[in-house]
Amino acid sequence: MALARASNGWRTEEGPALGPARALCYDQRPRVSDKEIPLELDPVILFFLLGLGAGLMRAEMRLPAAVYELLTVILLLSIGLKGGVELAGADLARILPKLGVVAAMGIVVGLMGFAILRLSPRLPRADAAAIAAHYGSVSVGTYAVAIAFLDTLGVDYEAYAAAFVVVLEVPAILLGIVLVRGLRPSVGWASVMHEVFLGKGVVLLLGGLLIGVLMGPERLEPFEPLFFDAFKGVLALFLLEMGLVAATQAGALRRHGVFLIGFALLFPLLGAIVGAVFAWGLDLTLGGALLLSVLGASASYIAAPAAMRLSVPEANPGLSLTASLAVTFPFNVLVGIPLYYGVLSVVYPGVGGGA
Amino acid sequence: MKRKLLTVITEQALERQLVQCVMDHGARGYTLTEARGQGRRGVRSADFEQVGNIRLEVICEEDVARQIAETLHKKYFDDFAMVLYLQDVEVLRSEKF
Amino acid sequence: MKRKLLTVITEQALERQLVQCVMDHGARGYTLTEARGQGRRGVRSADFEQVGNIRLEVICEEDVARQIAETLHKKYFDDFAMVLYLQDVEVLRSEKF
Amino acid sequence: MKRKLLTVITEQALERQLVQCVMDHGARGYTLTEARGQGRRGVRSADFEQVGNIRLEVICEEDVARQIAETLHKKYFDDFAMVLYLQDVEVLRSEKF
Amino acid sequence: MALARASNGWRTEEGPALGPARALCYDQRPRVSDKEIPLELDPVILFFLLGLGAGLMRAEMRLPAAVYELLTVILLLSIGLKGGVELAGADLARILPKLGVVAAMGIVVGLMGFAILRLSPRLPRADAAAIAAHYGSVSVGTYAVAIAFLDTLGVDYEAYAAAFVVVLEVPAILLGIVLVRGLRPSVGWASVMHEVFLGKGVVLLLGGLLIGVLMGPERLEPFEPLFFDAFKGVLALFLLEMGLVAATQAGALRRHGVFLIGFALLFPLLGAIVGAVFAWGLDLTLGGALLLSVLGASASYIAAPAAMRLSVPEANPGLSLTASLAVTFPFNVLVGIPLYYGVLSVVYPGVGGGA
Amino acid sequence: MALARASNGWRTEEGPALGPARALCYDQRPRVSDKEIPLELDPVILFFLLGLGAGLMRAEMRLPAAVYELLTVILLLSIGLKGGVELAGADLARILPKLGVVAAMGIVVGLMGFAILRLSPRLPRADAAAIAAHYGSVSVGTYAVAIAFLDTLGVDYEAYAAAFVVVLEVPAILLGIVLVRGLRPSVGWASVMHEVFLGKGVVLLLGGLLIGVLMGPERLEPFEPLFFDAFKGVLALFLLEMGLVAATQAGALRRHGVFLIGFALLFPLLGAIVGAVFAWGLDLTLGGALLLSVLGASASYIAAPAAMRLSVPEANPGLSLTASLAVTFPFNVLVGIPLYYGVLSVVYPGVGGGA
């Protein structure tokens, strides 16, 4: 793969452009040998568990909303900038069609979710569509954990993976709206489009990508201490907060019944398989396949809730947010990511993936 | 001078629509504060943006207040967490409201 | 429809107890905002968590409001910074309160 | 016992002066919350400190409330974004206000 | 001492496991020669003075509560993680009994405080107990300054000192409650225990320790930029805020009279002596002895106020918070830490301590 | 110039005191050759544009006020500390008179602004004075961008430039008050002085300078990760927020008419020329001349609005804030800084400046 990157350094295949000084700063990460099966937890996960435990025990601890905002902004910019930096100098003509395919994957995952949810006779159509929109869209937090996971293992992935997040965020949300409202939403397409495309996820990821592409790695070096070196620390704080938030949603789980919990636990497996199949079709590396699987498995908890709330207000926001935040996010982060990687590392090369 | 104070407590997500509705009905201003709480639709905390409340106050003439309340009621009560109530207030400069 | 609005301004530390007390008396909901201020027990600023206030509002039937006020008064007035007052409000959907 | 609740919504920049004025007129306390809003002087959002509002509440005897309102009116209405209104409230411990 | 650590590096006695690259990053700190008497101020202190001065002059400057929360969370996690990383691979069987002794020290300091405060005829029993609880418990901010002080000097201390903070936080608070309520607190022990053990201090310190122990230094490397490298900067901002907060409490000093101020200035000396004696009994290094002295001298302003407010509400919270925040914290940070160190460095080796 | 510094390192002319380890960390910045005309955008500008674009499109994105406060505090301290560190060991007797001259420059720029604004028959005297106060005072955010600009280019500037910001902040504000109130302001000089000298700009810049001078570079090393290494990242987040804020003010532009917009676009050019003339008179380096030009061109949006609001309340705060935030700040940051530098690098050496 011409665009594969060494995930524990900045070198591209064009060679170690940044020289030995940089290598010194980045090559310190432990690399697992290719034999080891790395199913142990990534350290960042422990911060999530800490937050979750504290929340469930009702510890006297809150991270104020302003802190959550700051951490989210830094994470989104970091992921965007990192992706953009890697993209700088890449062959956009080859990448854009792939991004189109990935966007279509969002629709596929969303439709599968909707079909399955419609099997429940008691779940109104609007709720099925709203939940499907959440699961067809993606979670940036989960993606960040997957990146941290790959970096810890020293596994490479496609330079442009951050762009996957951008193109997957929106399509399933539009799908969810169309499934309820048809092609003429009551609030008008202009307002829907505004809501969907101008959420902070798309704006900051896309903004970061653009800045990264325009400036390239060398000019962005002064920004590394905050946006790249501190990435794992910021992610740790973010996951601590997510644990606390997930704990507050856990109470709602009992109310929502077994079907929803079952869906929130099992649908990610299906989403991961779809992601892997698309990765195989797109000829991604093993690392890229993991990322696309994780994106397929993950459910939105920022963009989708905001958009569905206004466009499909009759859907109960508690259902989708609880499923996404209190079940699927913890599941993916604790079990899913290592599981998908374990399976992929055995199966994917076998079918000729990542060759 | 007598006026009505209309207070609306609802989901943060509705902020733009709420403001639009209030100004469309001819109110001359409004005040917003961040809030959290509990009601029919469960606990709404401010820690996570999706689930915070806002508290909007409008001082206006009685009929404007009733119209705003009516409209909000019709448009949003079925689908959104929302509470609203009216009070009498005395203002100094009635021309502002 | 007429209801009572009970407003309580007190120390952040009491939040859990306050909410418990309000719900135990049969109120259907409440709204909380962060506040600061000054009173008999000195200045209470929000900059440092130990010394911030909360402002709680409950809309409910008059007797419920009076009972809550009574209980809070008995339990907390001696030891905590606390102010409470009652107002008349008109609500649209009386079954919610 | 009956008292008056005076609510003032104005620019953050006036906080010190406002508190001074309230206490100088003999009020025993006040409560402050952060707010934003819109009025004659345009939109005032809380995102940027220069343009946020505060919302001040004072419970006191009627004549004190009217004097405070009068003074604020005279001193600040011409030059500052400011809204104020009076309401009746019932308090439990009248000696506090 | 088998567990003594080089405080300006990560090397344990097992040898420089992390190699020359790391040493490069950590060994740049200036080391004072052992002859110098380092009574000059640590730079972080100046940030406290800046905040205090600004507050006393009523400068137009506030750090919002959300910022204070963020800084506190980072500090607590940093201290916990650092302690945990050092503890990884240590002999827990030898350490746990020592921690038990340190916990007992909290009771001793608390009882001494209570006895002295009861000498004042006008101070109600509840207030005496509440203040004693604050002084038997500890201040994480003061501990952080002491660590910064030792790091600046390049003085070693025990790997597990962060665990001292955890075990000292709670016992004196329980003591304070028992002194007023007896063994059957009116709100019930369950609620007291919840309040006391699930404050953010215990949760984040313990959580950080556990994560540090479980992961060890190598796997936590990606977290260093935020949690370790930025430590002093975060501490500086925290102290700036503490200065502002202390200034707001200063006004209350006049109301509370000479006895309280005297107690808040002199009791720390006693607490420091108790700490030093315990350190000597536990055979700690000189650095460890300073830390235990500082913990003995410091007074809680997070955990204790919150717990006492609900469990002993008749105590006037203004008394203990003002003493702790406006007198003892500044005193320890400005005068106490260098003073205790100056005395200890002369006396402690003389009696065979730290040998 | 004895005090000129290598802006991309800590070395003073006394030599590379901090040794090769530090140099390794600092010398990685790309240096443009002296021939290149560096009119391309600095990366930080892109973050401003991102925020501005997002704001103008009404994206669902806000940085809460608490985050803005935190970023401002870090920026002010960073600039102050950096300046102080460079000043440590400098000859204060030679610098202080220069600072007096720079303070006078604030009055000159303010008077020029007032004179021009009084040409408009419809603008009340109070408004003219208030706007003049904003433009005679300075913007720390703009100064930070100028520093980042010089650092990116590797251009040296005077060690004590941060002190320019401090001494320029206040005089024009006092001038503005005097122009309306005469020498006896209605609220009393004590209150005016408090408002003007105890804003966070002066306090934190001056505090940082003092701490830097007192501690010197070596003792402040542990603070570098947060205050210096993360500087550009923090500046990026700050500019993102400033973009959002500028966008909210943009709506007010239409109301205020062409004269105000014209003033806000053209007066900076005049201010920059005045700055350059003063720089030439003070015999500053090219870098110092750029900084003084930028300060002359920049308009306050923190200190001046706060002070004028209370001292000259009859002035419409919307006029000056909109001009300063929505026109002059973007103009300086996007166009002004490279423009002033481009002109200065041609003209300034020609007239014997910076020799």
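Each chain gets a letter, A, B, C, D, E and F, in the order it is written, and its residues are counted from 1.
Operating definition for what follows: contacts are C-beta pairs under 8 Å (C-beta built on N, C-alpha and C of every residue); 3 or more make two chains touch, one makes a residue touch a chain.
Computed from a predicted model, the values in this text were never measured in an experiment.
In summary, the chains found to touch both chain B and chain C are D.
Shared contact partners of chain B and chain F are A, D. Of the two chain pairs considered here, A-B and B-D, the higher C-beta contact count falls to B-D. Chain centres here are means of the Cα atoms, and by that rule the chain farthest away from chain E is B.
For the self-contact between chain A and chain F, the two sides draw on mostly distinct residue numbers; the shared fraction is below half. Per-chain Cα centroids separate chain A from chain E by 39 Å.
Centroids of chain A and chain D (each the mean of its C-alpha atoms) stand 47 Å apart. Centroid to centroid, with C-alpha atoms defining each point, chain C and chain E lie 36 Å apart. Residue positions 33-34, 87-88 of chain D are each in touch with at least two other chains. Within chain A, contacts with two or more other chains are made by residues 24, 62-67, 69-70, 225, 230, 306. The complete set of chain-chain contacts reads A-B, A-E, A-F, B-C, B-D, C-D, C-E, D-F, E-F.
Chain A contributes residues 21-22, 24, 64-67, 69-70, 73-74, 77, 194-195, 198-200, 203-204, 207, 210-211, 214-215, 218-223, 225-227, 230, 306 to its touches with chain F in the complex. On the side of chain A, the complex with chain B involves touching residues 62-65, 68-69, 244-245, 248, 252, 301-302, 305-306, 309-310, 313-314, 317-318, 321. Against chain A, in their complex, chain B makes its touches with residues 11, 13, 17, 41-43, 45-52, 76, 78-80. Residues 24, 28-30, 43, 46-47, 50, 53-54, 57-67, 70, 148, 151-152, 225, 229-234, 236-237, 240 of chain A are the ones touching chain E in the complex. On the chain B side of its complex with chain C, the touching residues are 9, 33-40, 53, 55, 69, 73, 77, 83-88.
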